[in-house]
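In the two complexes that follow, subunit A is the common piece, with subunit B as its partner first and subunit C second.
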Partner chain A sequence: MTDWIPVSTATGLRRGGVMRSFVCGQELAIWHSAGGAVHAWDNRCPHRGMRLSHGFVRGEQLACLYHGWHYGADGACTAIPAHPDLVPPASICVPTSPCIEAGGFVWVGGDPAHPPAEIPRLGLRSLHVEVPLATLRAHLGGTPDADGLVPFGIAAAALQAWDDRTTVLHLATPPKTSTTDRIALSRAAEALRREVEEWQTA
Partner chain B sequence: MADRMTDLTALPAVTLNDWYCVAMEVTAPDAFDTTLLGATFYVTRTADGWQATRPDGTPCRCQTRYDHIWLCPGTPDRDLFALPEADQSGRRPVPCGAVRVACSPLRAVENFLDIAHFPFVHTGILGSEPHTEVYRYEVEITEGDAEVWATKVRFYQPQAAKSAAGGIETDYMYRVPAPMVSVLYKTCPPRPGEWDVIAIFVQPLGPELCDVWPWMSLFDDETPQEALIQFQQTIFLQDRSILENQVPRLLPLDPRMEVPTRADLTSVAYRRWLKARGATYGATLEAL
Partner chain C sequence: MATLYDYALSGNCYKVRLLAALLEVPLDVQAVDFYPGRAHLAPAFLALNPAGTLPVLETGESVLTQSSAILGWLAATQDPTGRWLPTDEPETLARVLGWLAFADRLTATVGEARLHDMLRKPLDIDAARAGAKQVLRQLETALAERQIAGQSFLAAPHPTIADIACFPYAALAPDGGIALDPYPAIRDWIFAIRSLPGFITMPGIHALHEVLDQP
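So, the complex of A and B:
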């Protein structure tokens, strides 16, 4: 059993990229530093509440788009451009969650002492499916491994409960999978989405 | 959005009895519905000028000023704010139309009072890195809690005006004469000693939705009207991408909710002033 929740494929979040995500309805900003570290933060700048997912990465820091406040890896504010000489008080800090890249996915919220298994995989794609996680899991079938992954053909499927109506299906394949097979898996995932959403509305 | 059943009498008097911009005079049709504070008002042009009725059919006061139509949903307890510059000769009025923004009307005003965002949101136009410093300026609430003023505001601007080549340090003054109106005075490069006036009149459609009506009064006989409007639109669309992504959408009046610094003195004064007068439509008093 694992507490890690997948929020992206490892290839889905580029270096220097920031994205918005939800884990069980909680809004997060997930970002990838220039050096390759991944971070999951509350998606709200302490200054004026701007979504940090609109911000920009500068090296190992994330800057808010509104007034450019910078935050370091631990979420603490490191610079306030309006006052270049001011050392920001330590109290200005964005709440952070554990975040890790492992096994071809980006994970949030687990115990860093017990990361998901490091199995080489190549991200395929992430699909938003308009059904609750339990429904999608039931349709996928299979037995979840220790990290909660289930097989989808030769790919591994990781499920993220976005909120109670939407689930994100993240897929990653073994690294040497052929392009033809990857395309076929991608189509199969779309077909599954259609099927399970239709089943849901029926 | 427009709820005909909204109970206007449930609103605080200070909100109900204020004046709100609901249309630009030149583009307003002869008869139209408009949403204000969650209710639908009906406005018509008559031989005696514009007339407005509330959702229940009772008449309410209406006037035209600063190229816009203003409506008071309740019983006005004050005049519409004065803007003496509007009548100064040599100035050219530039009403710009409306930009609809899914945010609190108060957040729209607060953003307009803010200069620290220029280098990041209006990059290359109103500001640019590394010129990010906000120098000390003065904020005051005028006698009788009438208005919020910020003076002696200076900021580096890369392109001060269409005519200006290169960056200059620009002087600004900010004024909040009503909770949903803000006026900016800005140095006017062709006319030292005079101020260009740029205002926003915010129409609260609901607590989290507004139409922002920018209006300018400039000493500029050269730039075509279209270009001036286009410029304002560009700026406001940049602001909109911010305003629609602030959490929460309502303006927090609890000082623990957000962390101001010295650059935010105007915002701090504005929030205190709103709270003191009970103008909390579009605000939240609770912590998140």
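So, the complex of A and C:
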């Protein structure tokens, strides 16, 4: 088992996109640079505390929506639009977490020296299921592999505890799976969600 | 020029302004003080539209109400390409009409939650948000399947009035206390619509800063 937590499928966050996520109770801004690098940062601009997930990606930088402060790949502030001649001090820096794309998913928080296995997969979709992670894992069955993935039909399922009562089910398929089969898997995932949420409330 | 009776915070009025902007059709926009003035229920407005609903479009020949109907009129009369309302493709047309009906379910759930939170409309907010979750899940599923099939828009390989009808209240869900985190396919679709040439904003739906010039 590794400490990597899945936060998205590899295709679930487009290049140039930013989204919010939660890992171990911590709120993060996950963003995907124009060049394809993924990043996981504390979701808080050091300037005024604005959520950086409301911000926007410019090339290899993430900018805050509020006052446009820009931050580079290492989290350090690179530009303050209201003070164009100022070189921002190194102390203005967003805390970052390890974040990589591997095996069809985006992962956060593990040891970069031990990334998840590079198995070619194509992201299918991510579903928020309103049951705790242990409940969903029990319903899925199967034996987790070294990265914590379990089979879902021909797809691989990666589970993320969004909070104590919601789990995100991230799914990815073998690359050459047909569109028909991928839609059938999407619907099977919907059915699983209905079943496990009904079981939870019964 | 057609006259639009408009309220700036209304998602349904924004649908009309947005499609008109995308089609480069100028409108004479007349603001109606929906809140707090309740001008949509005043005799002068009821004389124009007895239902007291917004938006209203005066075309010169008729008075049109209901945002989906107005979108249909704009597409049918102002879009020479025929792409926004593809009447010559029965299956696409049927899909578009289905989404126009679906848009009213977004208004009745997400839109109501938003009126509760923003304008203090008295209603059962838990029921509105629970309904919104069901409707947004259905939209997410449909868009996820479109993505799987390599498509970005609801009813065709290009945007149609189906997208314009469903877009505002989906994008405005956070105004009603409904986070969009659970809906990654909706997030991508919102981005695709905001990327359209001629896109305009409303309060709660801002422009894409990443495509603007750096200040």
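Please note the rule applied: the second predicted complex is superposed on the first by the 202 of 202 C-alpha atoms of A that agree within 3 Å, B and C clash if a C-alpha of one lies under 4 Å from a C-alpha of the other, contacts with A are read in each partner's own complex, and residues count from 1 in each chain.
One rule holds in what follows: contacts are C-beta pairs under 8 Å (C-beta built on N, C-alpha and C of every residue); 3 or more make two chains touch, one makes a residue touch a chain.
Values in this document were obtained by computation on a predicted structure and should not be read as measured data.
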item: Touched partner set for A:Pro116, first subunit B, second subunit C, both or neither; value: neither
item: Subunit B versus subunit C as contact partner of A:Leu86, first or second or both or neither; value: first
item: First (subunit B), second (subunit C), both or neither touched by A:Leu65; value: both
item: Partner chain(s) touched by A:Arg44 [first = subunit B, second = subunit C, both, neither]; value: first
item: Touched partner set for A:Gly16, first subunit B, second subunit C, both or neither; value: second
item: First (subunit B), second (subunit C), both or neither touched by A:Ile183; value: second
item: Intersection of subunit A interface sets (partners subunit B, subunit C); value: 65, 68, 81
item: In the complex, subunit A residues that touch subunit C; value: 8, 12-14, 16-17, 19-21, 56-58, 63, 65, 68, 81, 124-128, 162, 179, 182-183, 186, 190
item: Complex contacts: residues of subunit B adjacent to subunit A; value: 114, 116-117, 119-121, 129, 132-134, 241-242, 245-248, 252, 257-263
item: Contact footprint of subunit B on subunit A as seen in their complex; value: 27, 43-44, 46-51, 54, 65-68, 80-84, 86, 91-92
item: Touching residues (chain side subunit C, partner subunit A) in the complex; value: 141, 144-145, 147-150, 181-182, 184-185, 187-188, 191, 206, 208-210, 214-215
